[in-house]
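Here it is, the structure in full.
The chains carry the letters A, B, C and D, assigned in the order they are written, with residues numbered from 1 in each.
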Amino acid sequence: MNLKRTLALSHLLTGLLVSVMIIALLGTLRLLTPPIDTIGETLLHINAQSTQVANAVTSVVTYFRGLDTLGEVSILFLSIFGVALHMQHSTRNLFGAHDTLLQIGAQVLFPLIVLFGVYIITHGHLSPGGGFQGGVIIASAFVLRFLAYGDHYEPSARLLTLSESLSGAGLVLLGVLGLLLGDRIFAQILSLGTMGTLLSGGVIELVYLFVGLKVAAEMTLLSQHFIKARDV
Amino acid sequence: MIPFLIIATLLSLLAAAVMAIYSRDPAHSVLSYMGFGLGSTVLYLLFSAPDVALTEAVIGAGVGALVFVVALLQTQNKEQP
Amino acid sequence: MFERLGLVLMGIGALFLLLSALGLWRMPDTLSRMHASTKASTLGILLVVLGAVCHTPELWFKLGLLGLFVLLTNPLSASILGHSSYRKEGFYSPDHIDALKEESL
Amino acid sequence: MNWIILCVCAALLAAFVHFLYTPKLSDRIVAFDTMGIISIALLVLLSLSTHSALYLDIAFVFGLIGFIGTILFAKYLVARRKDV
């Protein structure tokens, strides 16, 4: 038995042991934890009292931890900035010339995917999803267009940069307004609706709208830079 | 039904991960990794975490695959002139 | 009544999906495998969606949209994959007839 | 209902075993595509059997975005210079 097969066998055994341990942990976790005094229960309790949002993850991400979301978005902006600096001399599309069949498909599918992304963003507080996921869906619609049209399609860089910077400024402005008018950053300064309807989030929906716009523009810029590689 | 599905998904995730490590061609590794992402999406859903599952599905299918494929093209076309 | 019809349709769809996955094992090369898997799985998933609409009619809008999307995207990706697979390695033909070679791709 | 879910799981398992054992890249891409489509059916059936519409959104994502990965790998199959 050679070394590589022995290594593979040992890794397989380790993985099996770890999965058995995970299953055993899942079995015992419910028995070990005290019933009420966990942070999840506390957050669910507070969420049911203070906000009218059906999806509790949304209210944790944008309302209780709004500053963390701001930090994540700025980290994303920094990474896009680095990619743009590194790949700024790129001209040629990596995946060859245009493709007629894919062009027809992209003409039909592009509005549908963008519409689905907008649905995910605006219904972030009712169903799974939110700003980041919807933004990436919109960006993958643009990836489809890049693949279909080759070198003959470029989204307007000014529009992308403008929407990205405007949504970032809007996000910061929303946080500062919460600090000024309310008691803390991203405080609830709008009126709430009834639980389960579309306009029930207040500030949470605005935050997700800005995050979605920003992520969509950034991911589109990132995929454009990646797909037009430097000539190797 | 659900615990059986969870155990089956965990075992197939294990197989996909071993395949992603031990295949010769990096393209096969990337494809196995994408299969791993698909399986872990189903796993997150079975653990009733739909937000995480949605993020994993969206990233793994669209932009993440683009980044991996571009990296493969750049490295492999550069190795053999 | 309607519920039972939905169950029967979903069962037939699941059998078609199983058939498409078994077609991957049986066929000799890539294009034949796509011939087995793509068509059968598209039909199977349309049958599953139709059976689901019959089973719970209040979800008809979402399920109908899902069927429409699968019907739009799945043949597109299969066609692109078939083109590139043909251009890379040709296909298995016992009597050496290649009608695609004369056409310009 | 359980029998239908079991049948779809068997289909997913068959596609997955073919995905693991085939040596060629193009065959593996075909198996990956098939796995994506079968998992859409699995998600629809799970959402019916657990009476929750949460699974349908993920099924939408697989149906609308999942084919972009397949197209990317198909383009990669043509564009790479290495012949394996």
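Quick notes
In this section, contacts are C-beta pairs under 8 Å (C-beta built on N, C-alpha and C of every residue); 3 or more make two chains touch, one makes a residue touch a chain.
Keep in mind that this is a model prediction, so the values were computed, not measured.
Ranked by distance of CA centroids from subunit A, the top chain is C.
For the pair subunit B and subunit D, the distance between mean C-alpha positions equals 11 Å.
The distance from the centre of subunit B to the centre of subunit C, with each centre set as the mean of the Cα atoms, comes to 22 Å.
The set of subunit D residues that touch two or more partner chains comprises 29, 53-54, 57-58, 60-61, 64-66, 68, 71-73, 75, 78-79. The residues of subunit C that reach two or more other chains are 69, 73, 76, 80, 83, listed in rising order.
Subunit B has residues 50, 53-54, 58, 61-62, 66, 73, 77 in contact with two or more other chains.
Checking each pair of chains for touch leaves A-B, A-C, A-D, B-D, C-D.
Only residues 4, 8, 11-12, 15-16, 19, 22-23, 55, 57, 94, 120, 128-130, 132-133, 136-137, 139-140, 143, 219, 222-223, 226-227, 229, 232 of subunit A touch subunit B when the two sit together in their complex. Considering their complex, residues 6-7, 10-11, 14, 17-18, 21-22, 50-51, 53-55, 58-59, 61-63, 66-67, 70, 73-74, 77-78 of subunit B touch subunit A. If you check the complex, the residues on subunit D that touch subunit C are 1, 3-4, 7-8, 10-12, 14-15, 18, 24, 26-27, 29-31, 33-34, 37-38, 40-41, 44-45, 48, 53, 56, 59-60, 63-64, 66-67, 70-71, 73-75, 77-78. Listed in rising order, the residues of subunit A touching subunit C in the complex are 99, 101-102, 105, 108-109, 112.
By the touch criterion given at the top, residues 1, 5, 8, 12, 15-16, 19, 25, 27-28, 31, 34-35, 38, 41-42, 45, 50, 53-54, 57-58, 60-62, 65-66, 69, 72-73, 76-77, 79-80 of subunit B touch subunit D in their complex.
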